[in-house]
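Chain IDs A, B, C, D and E follow the sequence of writing; residue 1 opens each chain.
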Amino acid sequence: MPNNISFYIFAVGVLATATAAMRLRNPVHCALAAAAAFAGLAVIYFQLDAEFISFAQLLIYVGAISILVIFAVLLTRGSDIQPGVELASPHWLTGLAIAVLVAFVIAVPVCSSSFGEKIAPKMTVAPVKLIGEELMTRYLFPLETMGLLLTVALIGAAVIALREPEESEIRNPKSEIRKQPTTEELVAEVQP
Amino acid sequence: MTPLSQYLFLSTLLFAIGFAGVVTRRNAVIVLVGIEFMLNAANLNFIAFWRYGVSGAAPTGIMAVMFSIAIAAAEAAVGLALIIAVYRHRKTTQLEKLDTLKG
Amino acid sequence: MTALAEPPVMHEAPPSGTIWRLAEDRSSFAGPTDDRAGGLPDHDLLEVALGPHHPSTHGVFRMDVVLDGEEVVRLKPVFGYLHRNHEKIAEKNSYLAAIPYTDRLDYICSMTNNWAYVMTVEKLTGFQPPERAEYIRVIVGELTRLFNHACLVGFLLQDMGALGTPLMYAFREREKILDLFESLSGARMMCNYMRFGGVRCDLPDGWIEEAKQVVAEFPRFLDEFEALLTGNEILLVRSQGIGVLSKELAVNAGVTGPMLRASGVGYDLRKVDKYSIYPRFNFRIPLGQHGDVFDRYMIRLLEMRESLSILKQALDTIPAGPIVDPKAKQRGLRPKAGEAYGRIEAPKGELGFYVVSDGSPNPYRFRIRPPSLINLTVLEDMCLGHTIADVVIILGSVDIVLGEVDR
Amino acid sequence: MNNLDQIFVYAKYWLLSQLPGGVQSLVSIVLDIIAIIAVFGTCFALTTILERKGLGRIQNRYGPNRVGPCGLLQPMADAIKMLTKEDIVPFAADKVVHYLAPLVLTVPIWLAFSVIPFGREMSAIDLDAGVLFFFAVGGASELAVFMAGWSSRNKYSLVGAMRAIAQMISYEVPLVLATIPVIMLSGSLNLNKIVEAQSGYAFGVAQWNVFTPWGFAGFFLFLIAATAESNRSPFDLPEGESEIIAGFLTEYSGFKYALFFLGEYLGLFAVTALSVTLFLGGWHAPLQVLEFLPSWFCFFVKFAAIIAVFIWVRGTVPRLRFDQLLNFSWRFLVPLTLVNLLVAVVWHFTSLGAGLDQSLRWLISAAMIVPAYVYFGRALSPNRPTRIYQYAE
Amino acid sequence: MLGSGIIKGMVETARNFFGSYVSRERLTTVQYPEQQLAPHENARTIPLLVYDGDMEHLRCTACGICEMECPAQCIYIVKDTVKKSDYLGRMQFQPRVFDIDISVCMACGICAEVCPFDSIMMDQVFALSTQNRFSGLLLHKEDLAKANGYFHAIHPSDAGDIDARRDEDKRKAEAKAKAAVAAKAAAAIKSSEASAKQVEVAA
């Protein structure tokens, strides 16, 4: 069962890299591990015959979001971590307990239900053409909304991240340095 | 083929890992990554249920995931922009230090 | 065609009654850059040492650059890595033995270095080079200017990232001139050719014809060069408006040579000093208006064409005769006590030698005014506010040779 | 379909038929992988030497000609040199990331070749969303470049990596936008179908996309974006050696450097192969009389021609500055690709039996794209009057 | 229009590309070990010491002028203790040690210029690399000494001039010597005559 084996390999990989992304000290390492986890998920989508989603996942999560995260880390100086600074929040133990509880709560019904074994996968795949047609007919309104949302997000992100002119900027000595002295300033006439 | 429950388990664990990250880490950027993991876990569920489901030829799961990915992209962009903007003011991305409303 | 408001004039000397001096407050020249906190924005600054073994610092030269993003907010040139103590060695050696060392100042143009030095000693001793020797000096000097400018443009484009194609074309032409120099003086680069009161040896048979052929073929190379580069949009956007050097700053900082003329100051020692036999030749001095990298590039191309015209005239009219002043003495020269400052328009600017004699066989004091070093002093002023990529081409357009900067 | 055309396909099937049924599918995959690695590995070796020789000739010199006949074994010598060099890792470097970066760059790029049809019936996998796959696997190269630059703990490396990422992101937009007209008009993301859509001959000349106005403009826009995407001159800023030494490669040596080098060239090959597929009719012969030529031969001739153009450009132009580079993408390429999209739409709808003849369609398209080109070109480089130089006598 | 300058440049590089296959002038490379250009007659690299006939007849008289004038001070001379007869028959010292450190020598040619005995001249060898950078680059008298024939081969016109001058000197010297001998003989005869006279007078 090569399919099964590869699923387990990638599942373990995804879980390992995701754990690493949440546990490593250096945020850049975290972002890189997260990128690996996203790529592993893309492979799992591909196994599930959702190739379009798989490529979209690669393109958006690995190609765009990871890069964004890395840029954010670098811009907030996240990568120069001082030794001795606590990484985890003060209530990390409580948080971890809740997380384990959540996992348990979800896992129990999954185990107890039997549909996992019963339902055989149907042998239909979604060709790109079909997805396109659906997008243009049934999901037209969500698509347009999504376009709007993305535009708003783009503009919003740009506006938020734009550097506001700070007070210190106004008396920025750099501009003084750059100022070219005028002829009058530079050439002083001295009568002997 | 791998049974559906395996995918659901994977999704559960991924969600839990993301959640744990969100509630235990201090760095806001990493918290955002955790949220992305949780979204991805949900996406995996959508795809798995679509693949094993009975919804006929309609690519419903795929559609949901597509919109989810788009939202995730928008969320990441805005979220990271916010973090950077906050960092400019407070010179920190440590979440517990960002507890006052005054800038 | 835009006409200038006033016609360009040659400045013989600064206007009378006026002392040109630097204004007191030159913040860009302000002290050492060590006090990083003072006067710089507090957000992320990147301090980069460009050099001393950076690919495009033309040798062992360092620029300590403070970057805001990719923008230069402070730049400190650091040199001295190639210091060879030339001036002190010359004070220990005889007058003659200093000549081969001058070859190694600006090792691209040894002929003009020789020329400046022997001219100084001639001033000190009163030797008068014969007519033919003066012609030979002018010819080799202008040939030197030709290939120096060609190579400079090649290096500049190399700094712009043109993968050496223009440089290789320039070197191809330079080889022809170097062949001429080799058959004349025995060496391609370290010519050691000029002597007090003349030149070392006469032109070999057929040299004039070969030189004429090189001069006749050179315009074709210039046309090729211009077709390849001058209209190139990338070169235009990279060089226009970059590294502007204002007329006033250029004059006040003592910048000379093509750099000064690119800033629009008509000052060329060949016209001003009228040394040697330059007044006999008909040539013009091209002037820039903007003083940016593109002007400095164009001025060099135009100067090459003027040099070609001088060369044509000189090669056609060179007389026969002796090549060295019969009164001149090379070995064991003991000039009367005194001092002399000799200067010529070297390809890079005003190259001056100041020699003091106390009547002994070696100079009492020996100083050089290297154009490369003095042109380099305005580097920071030209670079501020530009990006690191511009710094590299601004440095390239200054035309420095580290042998001359560090001596 | 002559035998020569399908010789590789037949060879593969013959080989598979010799094997027991159980391993056939696995061996088939392995054979495809070996074929791609062998062919493009050889291409890499040949390109490095031919590029150096070609650049040499452009610069009026011989180029490497010492190792082997005409210097053709130079890549072997280079490989031996690279492999035997000391692999230096800076003391302060992030060792794991530093080690992984070349792998992350090189491995996904091999994947991109799997969807390209190199000849009739000659693509490794026939993916429904082939174009999307191509761009998706390309996304990892940005991460790899960042990893290399960041892990080296060198200022030049970091600046180079930042430049590279900004450049790749900026040029991915026009690159994708330039492919969209092709996808729209052939109605598929499948590269095999796109090649099929360009089959057929009119007046003995092939009906490739490049012979349509939108295809013509799109081809050049695509090539420019591809040049930038693969960090080639004049867009080789990430490793602009005269400014930032070698950019993100500064701290790499030996085999890791060779891997980066390989990765860069493979990236170039991949986009070149894609441009051949999208615009130059893939493996179709250019003229009907040339149809007897094997399809893979046609493909690789076009491939080599485009690579030669890249080399030619590299030998000619200087490098852009970084802000100019980004401006060029956002202010020139992106608007033009959008106009080109419009041209493709117009082209598509005028063909729907509106009774317009071909020349009128061309005229309309040209009337849209040429003014846009002139306008955006002007806007890009503000009016620079021709400089007049005065002479002082 | 945008791009026209780049296209012009590309035409230029294409011309050079094809030109390098047809025009010798464009492809100026000399493939060094196989092809070598003959050096120009004036070309100079390191100094050499000319001898006439055999090694025992170096022209050098160990006068030390070159040692003094060398800008890089790379010449080291020790005079021999015995004098030998030179080509004019004069008794001259010869160098016992004549070393040139060519790792310091800058091939300026001043030594050759100042040498009053036409002894030190400039060689044209350029493949000077050795395994040992100290002893390998310190050339001794034996390494530097070259026959006049060799000098003729590399600098024919210079060597011709010098030989002509030396022959002239030699001829003059011989004539002078002859004249001196004759004068001496004459003087001897005279003196003998005179002495004879004196004898006579005395007698």
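The rule is simple: a contact is a pair of C-beta atoms (placed from the backbone, for glycine too) under 8 Å apart; a residue touches a chain by one contact, two chains touch by 3 or more.
Everything numeric here is computed off the predicted structure, so don't read it as measured data.
In terms of the stated touch criterion, subunit A and subunit B have no partners in common. Summed over C-beta pairs in contact, the chain pair with the top total is A-B.
In this assembly, B is the chain whose CA centroid lies farthest from the centroid of subunit C. Seen from the Cα centre of subunit E, the chain whose own Cα centre is farthest off is B. Put simply, the chain nearest the middle, going by average C-alpha positions, is D. Spacing of subunit D relative to subunit E, judged by their CA centroids, is 62 angstrom.
Annotation: 55 Å between the Cα-based centres of subunit A and subunit C. Chain centres here are Cα averages; for subunit B and subunit E they lie 86 Å apart. Between subunit A and subunit D the centroid-to-centroid distance comes to 27 Å (mean Cα coordinates, whole Å).
Among the residues of subunit C, those touching two or more other chains are numbered 165, 169, 172, 228, 232-236.
Across the assembly, subunit A contributes 52, 56, 64, 71 as residues in contact with two or more other chains.
Interface of subunit D with subunit A (complex): residues 94, 97, 127-129, 132-133, 135-140, 142-143, 146-147, 150, 165, 169, 172, 188-190.
Within the complex formed with subunit E, the residues of subunit D that make contact are 54, 57-62, 65, 312-313, 315-317, 373-374, 377-378, 380-381.
By the touch rule above, subunit B contacts subunit A in their complex via residues 1-10, 12-27, 29-30, 32-34, 36-37, 40, 43-44, 47-48, 50-54, 56-59, 61-63, 65-67, 69-78, 80-85, 87-88, 93, 95-96.
For subunit A in complex with subunit B, the touching residues are 3-4, 7, 11, 14-15, 18-19, 21-22, 27, 30-31, 34, 37-38, 41, 44-45, 47-50, 52-53, 56-57, 60-61, 64-65, 68-69, 71-73, 75-76, 78, 86-92, 94-96, 98-100, 102-103, 106-107, 110-111, 115-117, 119-122, 124, 126, 130-131, 134-135, 139, 142, 146, 149-150, 152-154, 156-158, 160-161, 163-164. By the touch criterion given at the top, residues 1-3, 6, 9-10, 12-14, 16-17, 19-21, 26-29, 31 of subunit E touch subunit D in their complex.
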